[in-house]
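First chain written, first letter: the chains are A, B and C, and each begins at residue 1.
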Amino acid sequence: MVEILKIEGLNKSFGDLTVLDGIDLSVNKGETIVVIGASGSGKSTMLRCVNFMEIPSGGRITLNGSAIGTASNGSVTYSEKELTGLRARVGMVFQHFNLFPHMTVKQNVMEGPKTVLKCSAVECSRRADKYLEKVGLGWKADSFPSQLSGGQQQRVAIARALAMEPEIMLFDEATSALDPELVGEVLLTMKELADEGMTMLIVTHELGFAYTVADRVLFLANGKILEQGDPESVLINPQQDATKNFLRGHGSFRLPEPNLD
Amino acid sequence: MGYEWDFGVVLRDFDLLLWGLVNTLKVTGLSLLFGVPLGLFLALWRLYGGRLIRVPVGVLIEFLRTTPPIAQLFWFFFAMPILLGIEIDPFQASVLTFSLQSSAFFAEVFRGGIVSIDNGQWEAAKAIGMDRNASLRRIILPQAVKRMVPAFLERAIELMKTTTLVGTISYADLLYEANNIAQSTYRSLEVFSLAAGMYFVVIFACSMGVRRLERHLGRTGETTTG
Amino acid sequence: MEHAWDFSAVFTNSYLLLIGLKNTIILAVVCLVLGLFFGLFVGAARYSTRIVFNWPATAFVEVFRNTPVLVQIMWFFFAFPIISPFDIDAFTAATLGLTLNTIAFSSEIYRAGIQSIHRGQWEAAKALGMNYTNQMRRIILPQAIRRMIPAFMNRAVELVKMTSLASVIAYGELMYQAKTISTIEFNPIEMYTSVALIFFVLIFPLTLFVQRLEIKSKGRG
């Protein structure tokens, strides 16, 4: 087993508000981890700390064996250059897609390889075609984002992240902004990625998806991992009262098989 | 009392007015050429500079925006040359003044355009490993500039109107020539009316162009949620 | 070459500058009051669908928005007296130019403000049996004016800056006084620097106030 990501003692506070309170997590290559929890539990912040969209207040993050940042006197400092390089190795998909509206679909996907990785034009184009094909949108390559449905836009966003050929993919409530009938196509794309062995860290409210796709489910509350394990033990037989309460609130939780097409 | 209009005398000097108009456009064009890029830098310094840059740049922008252009022109023409021990002619003083003055306004247009871009665009650029320069250059500015085009053109038109001041330091623009002709022909009514008409034709044509462009941009403007 | 700054002549002539400041403020206030007052009617005429009102108002607004204000002032000072039945001094010419300019710009602010009010407000007022004047005066304007205040303030700022143009036709406002003093005292550096500072002190608080208003009204949505 190869450990891709290690999080140790991760803390994050905004002013007086402590959002993450000592998170420890180890993610192995090819593992799919789903993070659930109420809003305000810190799950999105945890995800955003992994690629340093938010700078952690404390703790250490290690990617593929190399610790990020320079530790001295008990605190860790990060150089902008190091973080930029790190983000190129970690893919992220946002709730609101955030496609670049002034670029075509293909240009969106090529932008990272071209500007950040300095790939050749041929290589950029090859990657764009490959990953657009993978999310089933090769035929939309020359469209603009505004001409796409929400589900299609999110699949392009996934292709954009994949084109960087990242070591791990982060999904931050990737289906929350979508109309219900468009959720399925995005979840299906994510499931295919998981099946192919991509390492994924997913924040979602889709418990059915978590149940079928996750290797491990984490339940976060008040900035701590309260409970974790395989989907069966966390989602069906939770031990903690907080987890039980949370699951009770999700009446629409469909078991065992979500609608994935 | 019937005033007898006589444009004959005035039209004899029409080529002078036309040359004046050319000079007006020259000052306007050069000031835009310097003012727009300078405005971009001022905006970036004001937004992202360290405290030691941000604050003075902010003060400079506000100062240029809130003092009358004629005071600035006189300062650069009458005061600055003595202060620096240099010589400056009316044309140079005009271009200098209006480049700086318009750059302050353009800076605010740039700044407004940049901050109007959704934060998600910055995040998406950051997430694929772009640093701030690359994000600005590739993602933020291309979108911002498109939104700013009408505001830019409106500012450019304002600038053209403001350049009428250069006559006060004897640079031969359209209004200056009109004033000269009026004094030599005693036909102020015809000359000033004609000059006003010429300004109107040029500026109105520009305004109509801007309005059409605005409607056009409004139609094709992105309506994406992303 | 190092310039030895000497502001003493600025202070010994400060009473002349105060006269200039007073004249600047008088000109600005007169033009603002007249401009905003008549601007309402021109704005209403622009909003009207009847050609007799709409066309002349539109022509007026376009002419004054699309010519430089200095040209307007000089036209009223040098050209207009020839056909005018009464005498035109520098103050009158400047007032005419700046007021008509302010009318043209403020009428557009009124128009945009009135247009921004939802049609349902007109209909509700009409349903209560109000006539047009009452609909406008009691229902539409009170709502619209609040939204227009930042734009009017910006206009006021522009107007104060524009009053300096009256110096070109020898109206004794601040800029003109400064020019006169500097030719007598040979101190253009100190004089024009002082005048720029005075204008800044006069106008900057206004712009700060506008910015705060705009932020506030944005917050209210």
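Please note the rule applied: a contact is a pair of C-beta atoms (placed from the backbone, for glycine too) under 8 Å apart; a residue touches a chain by one contact, two chains touch by 3 or more.
Since the model is a prediction, treat every value here as computed from it, not as a measurement.
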Discussion item. If you average the CA coordinates per chain, which chain's centre is most distant from that of chain B?
Written reply: A
Discussion item. Counting only C-beta pairs in contact, which chains form the busiest pair?
Written reply: B-C
Worksheet item: Which chain has its C-alpha centre closest to the mean of all protein C-alpha atoms shown?
Response: B
Worksheet item: Using the average of all C-alpha atoms in each chain as its centre, how far is it in Å between chain A and chain B?
Response: 47
Worksheet item: Approximately how many whole Å separate the CA-defined centres of chain A and chain C?
Response: 56
Worksheet entry | Rounded Å distance, chain B centre to chain C centre (Cα mean) | 20
Worksheet, complete the sentence: Touching two or more other chains in chain A are residues none
Practice prompt. State the interface residues of chain B toward chain C in the complex, per the touch definition above.
Written response: 1, 3, 62-63, 65-72, 74-75, 78-79, 82-85, 160-162, 164-165, 168, 175, 179, 182, 188-189, 191-193, 195-196, 199-200, 203-204, 207
Fill in: Residues of chain B defined as touching chain A within the complex
118, 120-121, 123-131, 134, 138-139, 142-143, 146, 222-226
Worksheet item: Which positions of chain C touch chain B when the two form their complex?
Response: 1, 3, 62-63, 65-72, 74-75, 78-80, 82-83, 85, 157, 161-165, 167-168, 175, 178-179, 182, 188-189, 191-193, 195-196, 199-200, 203-204, 207
Fill in: chain A residues touching chain B - in the complex, by the definition given at the top
51, 53, 80-81, 84-92, 94, 96-102, 111-112, 115-117, 144-146, 150, 153, 157, 160-161, 164, 177
